[in-house]
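Here it is, the structure, as structure tokens.
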Amino acid sequence: MYIGRVVGTVVATIKDEAFYGRKLLLVDRLDLEGRADGHYDIAVDVAQAGVGDTVLVIDEGNGARQILRRKVAPVRAVIVGVVDDVELAE
Amino acid sequence: MYIGRVVGTVVATIKDEAFYGRKLLLVDRLDLEGRADGHYDIAVDVAQAGVGDTVLVIDEGNGARQILRRKVAPVRAVIVGVVDDVELAE
Amino acid sequence: MYIGRVVGTVVATIKDEAFYGRKLLLVDRLDLEGRADGHYDIAVDVAQAGVGDTVLVIDEGNGARQILRRKVAPVRAVIVGVVDDVELAE
Amino acid sequence: MYIGRVVGTVVATIKDEAFYGRKLLLVDRLDLEGRADGHYDIAVDVAQAGVGDTVLVIDEGNGARQILRRKVAPVRAVIVGVVDDVELAE
Amino acid sequence: MYIGRVVGTVVATIKDEAFYGRKLLLVDRLDLEGRADGHYDIAVDVAQAGVGDTVLVIDEGNGARQILRRKVAPVRAVIVGVVDDVELAE
């Protein structure tokens, strides 16, 4: 899992029903100083996250499908939560 | 998933029947400014995409096989849709 | 698996019950000289590790779920042990 | 999948029977201009490829096992075909 | 799979029984000129390899578990053989 920031949305024509009614969010991956590190994902959202939110992203297919409670879902990245606090030791 | 652009096709002699009748497309991965980031994939297409299209690519084996509705398919990257719009927050 | 150092914690609002009661630790990946290499993970802890500890991290979903003794767990990184010694040949 | 070029072979003492009678080929990964990009794989061959051939490589464990028609095979990279032509759009 | 060189060992306190009696070896990944490329793995050994040996490493969870003949094993990297010869075409 990594910490990300929702920076936008993607609108696409997809025929697969696994995507019906799902919002696709663009998420920048953040480093531990909170800066975008140049990697992004297109993630499905199960945490009611919106643009600007700092979120927790799981980026592994089997884990993502389990979060979605589906055996079959062609996704790899899912937003599982909104980050409240990051505590870094000095 | 990531956003890509179809830049060409590959013709190969493959004996495995999982590939019979499938078009293999070369896809450049794009960053969020729409520029190729130097990574490419050879993807199977289920979205009737063509050269020049901006597409949504899933790059995980189990998810790819599910999109193809096959339990057995030696693929990792599948074009699942054509991108209509990318909305980036300022 | 890789060697990491626990550098902090993440507090997040996650509705998925797989995370109830689990501490999420921030782990810097170390190179063989013991320096952070710029990659981090958010890991679940099964080794009673704390901030500052040098730890062994497994970063593969299926292996992580097996360590947690769960068939279903949306995690990829788990702290499986505390490192006592690293012996490097000259 | 990616496009590669067979650059050599590896001879190793392996006790696991899954490797009996299998040739292990060294494959350089190529970029879309046909240049090695610095990454290599040790791949099992099912396409009668030889040194110097331009080949199609699948680099995902489950897909690789399916190509080999084995449920159990400790491989990740398999040469599935010989590339006849790469057509890049201008 | 890749070619590596055993450069040391890790001693760690791990409670999971899957690791009882298993030696954890530090392996530098080598490029095709035989130089360490900066990536390392902590690998389980099934080939009686020792420090200084050039080895063949499989770095995929499902394949690694199959080599270990275990359905459940939280590992991703396994040393499967000792390399006798690498033949590179000119």
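The chains carry the letters A, B, C, D and E, assigned in the order they are written, with residues numbered from 1 in each.
The definition used in the following text is that a residue touches a chain if its C-beta (ideal position, glycine included) is under 8 Å from a C-beta of that chain, and two chains touch if they have at least 3 such contacts.
What you are looking at is a predicted structure, and each value in this text was computed from that prediction instead of being measured.
Looking at the partners of chain C and chain D together, the chains they share are E.
Note on connectivity: the fewest steps through touching chains from chain A to chain D is 2. Interface residue usage between chain D and chain E, two copies of one sequence, is largely distinct: under half of the residue numbers at the contact are used by both copies. Chain geometry summary: the mean Cα position of chain B and that of chain D are 20 Å apart.
Centres computed as Cα averages put chain A at a distance of 32 Å from chain E.
Residue numbers of chain E whose C-beta contacts span two or more other chains: 61-62. Taken chain by chain, the contacts form a single closed ring in which each chain touches exactly two others. Each chain touches its neighbours in a single ring, whose members, counted from chain C through chain E onward, are C, E, D, B, A.
Note for the complex: chain C touches chain E at residues 1-3, 31-32, 46-47, 56, 58-64, 66-67, 78, 80-89.
Contact residues on chain A toward chain B in their complex (touch as defined above): 6-16, 18-19, 24, 26, 28, 38, 40-42, 51-52, 61-62, 65, 72-77.
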